[in-house]
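The structures come next, written out as structure tokens.
Both complexes below contain chain A, partnered by chain B and then by chain C.
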Partner chain A sequence: MTQTTLTAARRAPMASGWPKKLATTLLTVAVTLLGLLFVTFMIGRVMPIDPVLAVIGERATQAQYDETFRQLGLDKPLLVQFGIYVGDVLQGDFGKSIRTGQQVSTDIARVFPATLELATLGTLMGVFLGVPLGVVAAVYRGSWIDQIARLIGLIGYSMPIFWLGLVGLLVFYGMLDWVEGPGRLGVFYQGIVPTRTGLLLVDSLIAGDMTVFKDAFGHIILPASLLGYFSLAYISRMTRSFMLEQLSAEYVTTARVKGLSEWQVVWGHAFRNIRIQLVTVIALAYANLLEGSVLTEIIFAWPGIGQYITTSLLANDMNSVLGGTVVIGTIFVCLNIFSDLLYRVFDPRSK
Partner chain B sequence: MTMKSKLAAAAFAGLMATTAMTPALAETPPNMLVIANRIDDIKTFDPAESFEFAGADVSRNVYEKLVNFDPLNLDAGFGPQLAESWDISEDGQTITFTMATGHTFASGNEVTAKDAEFSLRRAVLLNKTPSFILTQFGFTAENVEETIVATDDNKLVLTLDKPYALSFVLNCLTATIGGIVDMETAMANEVDGDMGGEWLRTNTAGSGPYKVADWKPNESVLMDLNPNYAGEKPAMERVIVQHIQESATQRLQLERGDIDVARNLSPEDVAGLADVDGVKVVDELRGRLMYWSANQKNEMLADPKVVEALKWATDYDGMSNSFLKGQYTPQQAFLPLTFLGALEEKPFSYDMEKAKAALAESGHGECGDIKISVREAQERLDIAQSLQNTWGQLGCNVELVVGTGAQTLDRYRAREHDIYLGAWGPDYPDPNTNAGTFAYNPDNSDEAGATGLLAWRNAWGIPEMSEQTLAAVVENDTEARKQMYLDLQREHQKVSPFGVMFQQIEQNGMRANVENFVAGGATTAVSYWVITK
Partner chain C sequence: MSEQTLRQWLLSDEPTSRRQARLSAWYQGWLAFRSNTLAMLGLLILVFLILCALFAPLLATHDPFTQDLAMRLQPPGESGYLLGSDSLGRDIYSRLLYGARISLYIVLLVAMVAPLLGLVIGTVAGYAGGWLDVVLMRITDIFLAFPRLILALAFVAALGAGIENAVLAISLTAWPPYARIARAETLTYRNAEFIHAIKLQGAGPIRIITRHIWPLCLSSLVIRVTLDMAGIILTAAGLGFLGLGAQPPSPEWGAMISEGRKYILDHWWVATIPGLAIFAISLAFNLLGDGLRDVMDPKGGTQ
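Showing the complex of A and B:
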């Protein structure tokens, strides 16, 4: 048997299992999203508020009320309404937002990139600062570095984000003038760069317009830092905890006895073993930010999906709520799948 | 906003009060107006459908009407705009408008009577929420071709179902729904017989000073000059309204000079601006009334003496001088001040002795359980808590039922409340807008389902007062009409289950160089075209 056929033979079981696993995954995703839709849909229908009034307002006549009631399909049985809704969603039609008067898909395409950009930057800050801080805190347990790391974590957990955001604006925008004000872009820069991805930093780079990039960066840096700080608090705390567990393990003592440098012991052995747990923590932190940090979005007038869903919910704009929920649900599922894939990379046993 | 975040905001306000801020560094260009406002209620720009505050602000600056208000002289009432004159027939049922010349839409099309015919007809035919403002004159989908007719490009004839006060009809035509749309542009964008409705939701086709150049829902509205505007060229060539939810954020932007006008400042932030250089606060009386009303299906509350006791046990001055300071002023009649015939008398004041005396005279020696239905909004919760306190002193066992706006409104429309605490704003600048809901309910039966009438929602059957209300809308002598409303309000104050308490004051913060900012008073919306810097 040649080397080639041997390799092929070894790969055969994996190859034959791969479609099945993909099918299972897709089925799981579909069932999860359907369940999510069903629950959200039913909550929207059983809530003690009238969706018709949300559309026509309190001054409408009874005839207008009845007409809208029929137009919304509310005269049909609940399950039929749900079936029609799912059918529309499968065709990419989330319906129209009663609050903005536009297609929900159009709205989401506008607000989600704002959240994606903010959450990604925030998470990157949290990871690049939080992970090293957590590792160092664990290595120097009980030292002043550890105390500072714990203090940062404690403040991050206990400080109301609303207050911190306002103070951040007051200091860095109002007093020091280091950053730009609320919103994604200054009023003089709007509409200059064509929308390609919806991510202003990326779009301005694609257009090669550094003035717009600078302004967009000036707007995003403060809210992103704020979210990054909260991510940092969580990630550093968890990293410290995972590392402490590893550093007290026997294999670490063995490694030190063997004469490995502390750098190799910490980063080459202990840290390698917490990567899987860290992936979960980071994925969760990222997903939480992608859900939209409503208060941060309100303070910084950031037109993101968190604010969109919350405002829609308060206005009983259920098409928007359902559309937003599907997007968030899909993100969670995708991040889970991505985490699973990373497990397989970091831990060969899971293959 | 959660209670936690409100506390945080209050703490922040305290911090700001003790922090000396660097002077403003930025300044907007002299020909551009930048406004921070809550504009998340804009659903559409179509004048046939738009019925929200922020939408009315845009519409007033984009669409001209047959008759309109001069923003620098609102007290003068309506005057000519697209119609240069009008005549009413002897039988009082036919109004003929003569169109002014020289008005042109942003598209370049000339404004004619045909456009006016199209716009008013489509408002009736589309039958959206504000259509009642026109259909109350007898216009229906079936008869518009006979009742709203442009006889040529210069004459528009409206035929009413019966004689009405001319001022009533013309006042209604100044409402958003009276906006005249460019027929050619609208019909060029028609889809499935919607008369351009879908297109006009997000685009504008008017002859006003501005046109909407860009709208991002919940984010911003950008308006540029209409190059064909017939009037004097506005000083502000571009107006940008940004959606900024938070008062503290608006204040920061204003102090920095990044915006020219902040429209949603809290009392704390208004107070904080008092000593800031380069910034001023302008107060303006608006049309919104804050009131409570008692459901007459509740046996105890159906006793007029119990309701009178509650009116005496309401601390009007206490509230307006504390948490409502600067935001609301006491007003106890159903017409807001500055409306034709608005009654200024305030017969009730906080007087526990009189309250107890009235309660003793009632068939209920002791006040029982009362549930106040109130939506989750800070100022309303504060008022509800004040009522809970003072009515509690009267011996009432008051419970607050707090819900979202929609939940509270549902209960109200279903006549399931005890006391409803809410606000009411005029739909059009004529006294009938409030008289027709506070003092009109000819059929009080459940089957009538007149959910749009406040009197019906409170199960208050008033066939006689309804007749008086109807009589006032057909009186053509303005002085006599005014007197009719004054009498109606006096009677209403005495016998109605409505406890009207306050009228809104809007406090707009603006840079010191902004002049002629008129939010619209009690009768209309904001006018950007007269603003200078």
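Showing the complex of A and C:
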């Protein structure tokens, strides 16, 4: 991912200031998002499911078929259809979901907070454990703690997340009974607190209902730790390599010679210089978790966007699948470009 | 030629032929690789899995597809089921062996399709330059900015579930990094003197790209592909788990986990054992990839 950053920075015209840089970035965002829409549009076109039959059913007459065909705009040239599609999406209109009978945008607004809550908690865990682990592993390079950090990374990159989720359920729910089972909330607690943000932990706190909070926490802790583990693997590895780069720099030697304590050298000097790089890595980790939550949501029956896309997929409900893809893709692209921009603006070396 | 002299011939500082120089380079690479314990472990696991896949019919104790409902959900080690039986009374051990074939098949296909696609796009963009470069690289950037699993899901949704379509979907999402690497390599060689020399001898762009630039891109691509293998396996298993990859009764490991999911609390082995197999193969590729990177590209190694 840093590769993206570097090459993009190199290829961009030598921008001479803020406004121009911003304009270039916005143009990049626009082109990338248009590309995303084009891909989803084409996927919608090549699929073997007939969109007309999906609306009117198998038994409609030829006349009904032709009318719906025109209503859906399928008689227009492909480019015009694409234009209409882009216009619709810009207005937040992804069409109707065949499975739920509601607007896809309404559906997504309903399920998205669940994913957001899960991914945010996961990323927080990854950051608060991964950054210190990476720093310590770099400082005590080659020690047992460095080996453990490496092992954590290696396992994180090799383990199927859905399998780890199943084993987690088996051990912590089935055998030890430390956490609650699948889902977001136990049956008895459904619908007690009013929905404000859609984030159950926040909503229950606002309502001051601690029993609901406790139950929601019991449900989210296992899937969030799971996602947290994968983001920890990534964040600690990146932190370690950033820190190693800094610790071998000459200013660190100078600081040591000056007689600063090891704590001041590591956290006051070296760590200060990797903050920007870290933020970009965390943004990418967050984007990856939003995507990576698909499989986790299936395992934990978590009613988020990943489960929404997969269930729709199995029901041949293309509008929902493509709508969900566009939403996640857009967030992904924006986080990507945000980290890119941050890197370019704050890191003097990239100029 | 005895063992000792062969070794000396291979390690000679003054190779007398091009063949000797090449073999010598390979041999020294192998020596460096062999001293890396973890990489050797990865290679061993991988060789073991390939042998399992090759000799699956000999090693299997049962037919992987034959159901025996009277013997369903037998725990490991009982009634002749080495690793237990699944919900339809099929032997999990035998299914794992045949599943290794599917995993290796998927990896091989993706490893052939995606890097080739990236190689063609990257070298053409790098060599041609100009607007073609801009357009091709913009497309690469767009694909790179996509969430891979979600995009693969959407592709599979459009193409229909199945192994070949899963391979196609994974390849369509996996090529952009290879295109970038190939382009970067091409740019470093494009204005090299040996390319100018070939050009003067009358070689056309296609010949230059395929005969002279491609071979130079290979080593960085091979490292990257090996490192990506684990990700490919995990994505394929994920698609299989979601029911979008290999279809039942195929003994694909991801699909096996999905089948065993219902019984996880009472019959743990049905879902957990295939997961260990997936873990083993992707761990092997990760270790191997790390080792290869250290050998072939010392500057990019983990510090």
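The rule is short, and it goes like this: the second predicted complex is superposed on the first by the 264 of 351 C-alpha atoms of A that agree within 3 Å, B and C clash if a C-alpha of one lies under 4 Å from a C-alpha of the other, contacts with A are read in each partner's own complex, and residues count from 1 in each chain.
Basically, a residue touches a chain if its C-beta (ideal position, glycine included) is under 8 Å from a C-beta of that chain, and two chains touch if they have at least 3 such contacts.
Fair warning: this is a prediction, and the values are worked out from it, not measured in the lab.
Student: After superposition on the shared chain, which partner residues are touched by A:T311: those of chain B (first), chain C (second), both, or neither?
Tutor: The answer is first: A:T311 touches chain B but not chain C.
Student: Touch test for A:G208: chain B only (first), chain C only (second), both, or neither?
Tutor: Neither partner.
Student: Mind working out whether A:L295 is in touch with chain B, chain C, both or neither, as first, second, both or neither?
Tutor: Both chain B and chain C are touched by A:L295.
Student: Considering only touches as defined above, state whether A:G142 meets chain B (first), chain C (second), both or neither.
Tutor: Neither partner.
Student: Return first, second, both or neither, reflecting whether A:P160 touches chain B, chain C, both chains, or no partner chain.
Tutor: both
Student: In the superposed arrangement, does A:Q102 touch chain B (first), chain C (second), both or neither?
Tutor: It touches chain B, and chain C stays clear.
Student: Give one of first, second, both or neither to describe whether A:G35 is in contact with chain B, with chain C, with both, or with none.
Tutor: The answer is second: A:G35 touches chain C but not chain B.
Student: First (chain B), second (chain C), both or neither: which does A:G174 touch?
Tutor: So A:G174 meets both chain B and chain C here.
Student: Quick one: is A:G92 in contact with chain B, with chain C, with both, or with neither? Answer first, second, both or neither.
Tutor: Neither partner.
Student: Of all the chain A residues, which ones make contact with chain B and with chain C?
Tutor: 48, 160, 162-163, 166-167, 169-170, 174, 295, 298-299, 314.
Student: Which residues, counting only chain B, touch chain A once they are in their complex?
Tutor: Chain B residues touching chain A: 1, 4-5, 8-9, 11-12, 15-16, 19, 21-22, 25, 28, 34, 40, 42-44, 51, 127-132, 201-202, 214, 216-220, 222, 240, 242-246, 248-249, 252-253, 255-256, 258, 404-407, 409-410, 413, 427, 449-452.
Student: In the complex formed with chain B, which residues of chain A make contact?
Tutor: My answer: residues 48-50, 53-54, 56-62, 64-65, 67, 97-102, 107, 110-111, 160, 162-163, 166-167, 169-170, 173-177, 181-183, 187, 190-191, 295, 298-301, 303, 307-308, 311, 314-316.
Student: Which residues of chain A touch chain C in the complex?
Tutor: 3-4, 7-8, 11, 28, 31-32, 35-36, 39-40, 43-44, 46-48, 141, 154-155, 157-164, 166-167, 169-170, 174, 241, 244, 287, 290-292, 294-295, 298-299, 309-310, 313-314, 318, 321-322, 324-325, 328-329, 332-333, 336-337
Student: Show which residues of chain C lie in contact with chain A when the two form their complex.
Tutor: For this pair, the touching residues of chain C are 137-139, 141-142, 144-151, 153-160, 177, 180, 184, 230-231, 234, 237-238, 241-244, 254, 257, 261, 264-265, 268, 271-272, 275, 278-279, 282-283, 286-287, 302-303.
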